[in-house]
Each structure stands twice: as C-alpha cells, then as structure tokens.
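Chain lettering (A, B, C and D) follows the sequence in which the chains are written, and residue indices restart at 1 in each chain.
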Amino acid sequence: MDPQTVIARRIARELRPGMLVNLGIGIPTLVAKYVPEGLPVFFQSENGLIGTGAPPEEGMAHPLLTDAAGRPVTALPGAATFDSALSFGLIRGGHLDLTVLGGLQVDQEGRLANWMIPGKMVPGMGGAMDLVTGAKRVIVAMQHTAKNAPKIVKSLTLPPTSARTVDLVVTELAVLAFRDGRANLLETGPGISVAEVVAATEAELTIAETVHEMTL
Amino acid sequence: MRTLSLEHSVALIPDGASLMIGGFMAVGTPERLVDEILRQGKRDLIVIANDTAMPGKGIGKLVEKKLLRKVIASHIGLNPETQRQMMAGELEVELVPQGTLVERIRAGGHGLGGILTPTGLGTSVEEGKRRITVDGKDYLLETALKADFALVHAFMADYLGNLSYALTARNFNPVIAMAAETVIVCADHIMPVGVLPPDQVVTPAPIVDILVANPCS
Amino acid sequence: MDPQTVIARRIARELRPGMLVNLGIGIPTLVAKYVPEGLPVFFQSENGLIGTGAPPEEGMAHPLLTDAAGRPVTALPGAATFDSALSFGLIRGGHLDLTVLGGLQVDQEGRLANWMIPGKMVPGMGGAMDLVTGAKRVIVAMQHTAKNAPKIVKSLTLPPTSARTVDLVVTELAVLAFRDGRANLLETGPGISVAEVVAATEAELTIAETVHEMTL
Amino acid sequence: MRTLSLEHSVALIPDGASLMIGGFMAVGTPERLVDEILRQGKRDLIVIANDTAMPGKGIGKLVEKKLLRKVIASHIGLNPETQRQMMAGELEVELVPQGTLVERIRAGGHGLGGILTPTGLGTSVEEGKRRITVDGKDYLLETALKADFALVHAFMADYLGNLSYALTARNFNPVIAMAAETVIVCADHIMPVGVLPPDQVVTPAPIVDILVANPCS
C-alpha cells in the first residue's frame, strides 16, 4: 500500500457518526474515499457547502457547485450551501468536529507549520489558520519525512499556522498524539518498527507501553 | 438603483479604486465585469477578495495584465503569477486568514469597527495588531474593511436589485455587497419584481446601486 | 388637522426615491400613510423585512409575517426577509437612509432621549440606540410639549439614546434642524408664529432669516 | 442529531440552565417548547432573547410563572409584568441594544471574542465596558454571548436537521442556533432528507442536536 493510502485509511478510522469534517487539499482529500460503509459523516467544503458528494459523472457538472479548489462536485441529499461568513463561523465557532490538514512541519509539542516557506512558497494561509485554531479536533495527514529529512521536529523552522497544537499526526510510519506538550507514539505503520519511527523523527517521542501496528 | 449597460457600469470605476470582488477560485466571480475592466484598461486597482483565482480566470486576469497595485486575499496558491509578482516586489499582497478576511469585510458592511478572533494569535498575522483579553482568553483585534466598489455575481436579481445566489457561487458575494460605497451586480438571470420569494432574497434591493442590464453568463 | 397628522405629513415630504426608511412605533408609523403617490421608498421593519405593505385584509393575515410590534402586515412585490443580524447590519452599517423615531426629550445640540424614564418606564432600548447611532439621517417625530412642559430642552434630564445628535425634529409647532450644536428653527406649524414656538421651547433657538410655514 | 418527543426534548433542560429563545414579540418563538417548559416546571432559568413578548405569549408566559432568574433582552416594553418584576427586584434584567444583542450572540456562535460597535457610546450601556479606538473612531467592546440551550423555531426541517425559516419568524432563530451547547428545534414542517434545496437551508444540519418529533404548530 502506498504511503498516501495508509495515511488516508488510518485517518478514516477516526470518523464517528454525525461528525462535521473538513478535509484539506492533498492527502486529506483521500480520506473521503475510505469512509466506512454506511457511516453518516458531514463533509464541509469551506467555500460554502456541507454534504459534498463525489465528482459528477461526465456531462453532469455545474460550474456553480464546486469544491474549495474550484473543481465540480455533487451535493448529497440533505446538502446545504452558505456564504463564507457562515462557513468560517462553523469552523471558528467550534462546530467543526474534525479537520484534517496537510503539514510541512510539526514540532515536539504539536505546533503545525503548513502555510508557507519564506522566500520560496507563499500560497497564503487560506482557511488553514482558522481550521487549526477553531476545529474541535485537528489531525495532520502527511508523509513522515521530506527528502529523508524529518518533518516532526524539535522546533519549527517554518512559520506556525496557529498557537494551538494539533491532536494527532498520522504518517505512513506512525500515529502520534500530542498532549501536554509531548509527542506520544501510539501506533506504527504496516511493517514498521518503533526504532524505525524514532530514527525518522527529530522530536523526542514518548513511547506508549504497547505500540500496536495501525489497523487500516 | 440604476440599471446600466456593462460598459457604463464599469466606466464608473476610476483608476486607483478599491474593489471587493466576489468569488472563490473564480466560482462566483462576475467574469464579465472583470473582462470589461480589462477592456477599459483600469489601472492601480486595489483588489480585496478571497483569492486571485488561477491564470486566465477571474481576478487572475487582472493580475496577469498588471492592473493591480495591491491585493488583500487569503490565498494566492493556485496563481503562480501573483506569487511571482509579490516576491519580485511588483505587487503588494496582504495575506489574511480566510475567516478573518470575511469577518473584517462583514464588520465594514455591518457598521462594526472590528472583531476579536483567536485566529492568527502567535503567528505572523499577529504582527502590529492589538491583543485583547476577554474572560481570560486572548484574541486579536481585526479591524473593519470597506471598499469603493463591490463587484458582485448573483444567480438571480430582480429589477429592484434583490439578489439570490446559487450553491458555492455565493461565498463572499453577499458579504462584500454590504461593505462597498457602490455595489455593481452582474446576475445570471434578471427577473421581474415580485417573482423572487422574500425568503429567497439574500441581499435586499436597497444595498445594490448598479445592476448590469444584460445577464452575466 | 390634529398634531400627529401635521407631523406625519411634514415628515413624509422628507422622503426621496429609493430611500431605505425605518419608522418607529407611534407617530412615525403614520408617515407611511402620507408617502407621495408613486414615490418608490423601501420601508424596513427591524424584525427582518423590507417592503412592508399595509395591514392585510380580514382573513388574509399570516402569523409569520408581522411588523416589529408583532402585528400582521403584508409584503409588497420585491419584499425581502432576513434575520436580525442582517437587519441591524443594514441599520448600523449606514445602509439605512432615514429613521423616524419618537422622542421624550431633545436637547439644545440635538441629543435624543427616548428609551426610558428612570424608575417609571423602562421598556428597553430595542433598536433605538442602533437606529440613532447608525442611520444616515435621524428625524424625531414628537409633539412639541408634554403636559405643557417643553420637550426640546437645554440639557437632557433623561438618559440619552445615543451620543450622536439627530438631524431634524418635527413637531406640530415647528421643524428644527440640528447642526454644529445649534437648534435651528426652519419652519413653523400651520397657523403658528415664531414667538409661539419660542415660548414652547426651552432650548435656545437659532431662528432662520425666513421661517416659512410648513408645506404639508 | 436525535429526534425526540416534545417531553423528552424539554426534559434535557435542567433547572438553572441558560436558554436562548428565538422570536420577536413571540413571532418565531417555539411556543410548544415554551409550553412544555411550563408544564415541566423548570426553574431559575436565564433567558436570552430579543424581548419578553407580551403576557400570555411566548416568553411572556415564563415571566408570568416566575420561572426566570435573569433576562437578557433588548425590549420588555410590551410586557408590563417583566417591568414590574424588574422594578420590584424580583427579576434581574439586562437590557442590551438589539443590534448589539444579536451581534454578541453571533460572536458567541462564530468563535469571536466580541465585536466593536458604536452603539451605546455615551449612554448607560457604556458603563463598565472598554472603549476602543480604531482609526480615530471610538467603539464599545461588546463581548460574546453563549448559552446552554437554544430553543429554535423553524418553518421547515429535514430529518438530518437542516432548517429553513419563514418571513419575519426568522429573526434571532438562525443566530441563536449557532451559539448554544445544545440546539433544540421545533419545526412547523418536517420533510424527508433531500427535499430542501441546498440554497434554501439557512441553518445546516450539523448544528442541530435535537429535533422535536412532531411539528411545532
């Protein structure tokens, strides 16, 4: 299984009935593909839609029904559309149960950097700062390393997205929970040893008594 | 409210004006108003919008033709040209978290001086701003934004100026309609007065200044 | 003509095409009866309606379409309904061209008191503070005196409604414009002399060179 | 979201709870929820609402039966009993300008710490509040309001919890729906899922906790 699929499938297991969930662009988007059959979850698209359905079949798209990247989507039965003020009211007001975002770096305590690389890539924060600050639960979906360099670091070298720390980081190598300023290794990826996770991580890990392999 | 031709509507905008433009990745952007701004060659514009779309679409076209002096937006990631101009120092770009941007505009339109948000605390967004504590919790004071013009895309308008929006093309449109001195609307469908049910009207008529005479799509 | 009719008819002459207007309860409500034929004006009811029409004919009311006092109204073609947040966004945001309110007292400089009499009548300010603070133009519609005591006074003895001064006060005796801290007598009521207005007013009046009688 | 009987819905509310209740002079107030609160004899309630209606209607009934400890409202003028209890010191009443009240509730529901408004400056409303200057203009800092419960009247609901409102019964309802821990909805009509057009939904389903099983009127 490729790293992205591992991450997306593992995160899909965090979904609970009735949750309002926002998925960022990239790996987070894949999570929607692995929602357990029959589990009722609301997906919010921050451009103003709850009840985002699959991409439309050919010839059945409408240019005014799109995801946050401007791509045509469909609306599930019971969908709702609204303006950007309400969309971020949902996000900031604590109504969003879960946000899944990509990450560039996460530090020891769970602070996330994911919106810019100074002088190199400045896409803007879009909704990321509101999502990380406002969602009830924040999960980062990212590969464990970038060009073999650890992305889970002692201190951020990139600008933080929020002062609020994230709850969970899921990579192809590990599931890490951040609590009380500590990075707790909860699970390892398929066929991965604890030692391999530690080697690929710069941050100091608190290792749980029993570290299971991820169930996917 | 006046109903004007596309040409006369855009002719009202002087060089150097500040424009709020509806749309999210060009969805819900009044494309014909943008095209007419290009045709009339307006210059030195300030644009306040969610994003700068992508090259060849919506606000992306204004960036490409270098008609802008400043952009206030939350996201420019899908438009490499905006990033290039910003890094080359050719275009001033103020990046604002999306939820903060929409609330700042809403504050401007609703007569509020600003709002307190936790978003941006402890990040570069905090620089130069006041931190205010309420009941032991910290917030940033984010101030109201207004503009000379709002360029609004609506799905349906009536000839009084009542507006309704469709699906994800709503986004910033009803919010900017409240926050500008002059509101110019391009609607996909213009209906006789009395046809839109009152509950379906999202932007009430007295807010709209100019309705572009021909449908917008 | 009774005092209320004089006041309402005179204020109706202040209406201009396309204006968004809010009428308070009492005398202000009467203004709607004297809108010049064919003049397109939007009346806002702060409970969430623009395009308020006349009371419905018998048997044609609906309990969910009402004015700010909860009385059934009709909706004109082109009416719009909205929530209280937008209603006061219109009022506070400078979109309301004119508000007409009742008054208990107006002082020399145009400050209005109209929302309470301490220890006696405390109805609450409702929308009055937002209306006086936010509307582009504020007109007070009230009788010139109460039990023969002047209501246009040197200083308020009642709590003010706003720090913002009103633009015009229309009574059955006079039209007064407030500018630069002064109360300017512009017009007199039907058959009323300048001296009579001065006698019924505690505030110091600046008397215009020519004071016409109201045209109704 | 759960669909519950009227009795079980109201049974969730403990004595002493804070309730935001929709309605404007009882129009748009979920009357059956109010009646059931009376029937179950809840006590010491805090009510946050636009007004206290009139005797015998909506919140007016709760005032009459002395079930309230505190009222936060903009207007009590059409309910002499509220005024009487307030002046006699039997009921605490906090009077808030209507536009400030709705923005404070909105702030609570939208994750804002508060808003800056010019309303109330130089009046008794200013007492004890911070005055904040932005660009040379003064504003009052008005802080966010939240509640334990929102009692919402909707015109249409679906069985997911999507809500739409009718005419002037909308008023505070969609705003309070965002600002309470538990949102209980009484709807005039309950529709199958998929029947409400997405653009007609004003309050999206995930916000609603409890839908009262039987229609509300």
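Convention: a residue touches a chain if its C-beta (ideal position, glycine included) is under 8 Å from a C-beta of that chain, and two chains touch if they have at least 3 such contacts.
On a predicted model such as this, the values are computed, not experimentally measured, just so you know.
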| item | value |
| --- | --- |
| Path length in steps (a step moves to a chain that is touched) from subunit B to subunit D | 1 |
| Other chains in touch with both subunit C and subunit D | B |
| Most widely separated chain from subunit C, with each centre as the mean of CA atoms | A |
| Where subunit B and subunit C are represented by their mean Cα positions, the distance between them in whole Å | 35 |
| Distance from the mean Cα position of subunit C to that of subunit A, given in whole angstrom | 55 |
| Whole-Å gap between the CA centroids of subunit A and subunit B | 29 |
| Contacts with 2+ other chains: residues of subunit D | 103, 106, 110-112, 117-118, 165-167, 170, 198-199 |
| Per-residue overlap in subunit C, given as positions that touch at least 2 other chains | 49, 75, 81-82, 85, 88, 91-92, 134 |
| Touching pairs - complete list by chain label | A-B, A-D, B-C, B-D, C-D |
| For the subunit D and subunit A complex, residues of the former touching the latter | 1, 106, 108-112, 158, 160, 162, 178-179, 193-194, 196, 198-199, 201, 204-207 |
| Touch list for subunit B against partner subunit A, complex | 24-28, 50-51, 53-54, 73-78, 83, 86-87, 95, 97-100, 102-103, 106, 117-125, 155, 165-175, 202 |
| Subunit D-facing residues of subunit A, complex | 18-20, 42, 49-51, 75, 77-82, 85-86, 88-95, 97, 134 |
| Residue numbers on subunit C that touch subunit D, as the complex places them | 45-49, 62-70, 75, 81-85, 87-88, 91-92, 119, 121-130, 133-134, 159-164 |
| Partner subunit B, residues of subunit D touching it in the complex | 103, 107, 110-118, 132, 134-135, 137, 139, 141, 143-144, 164-167, 170, 198-200 |
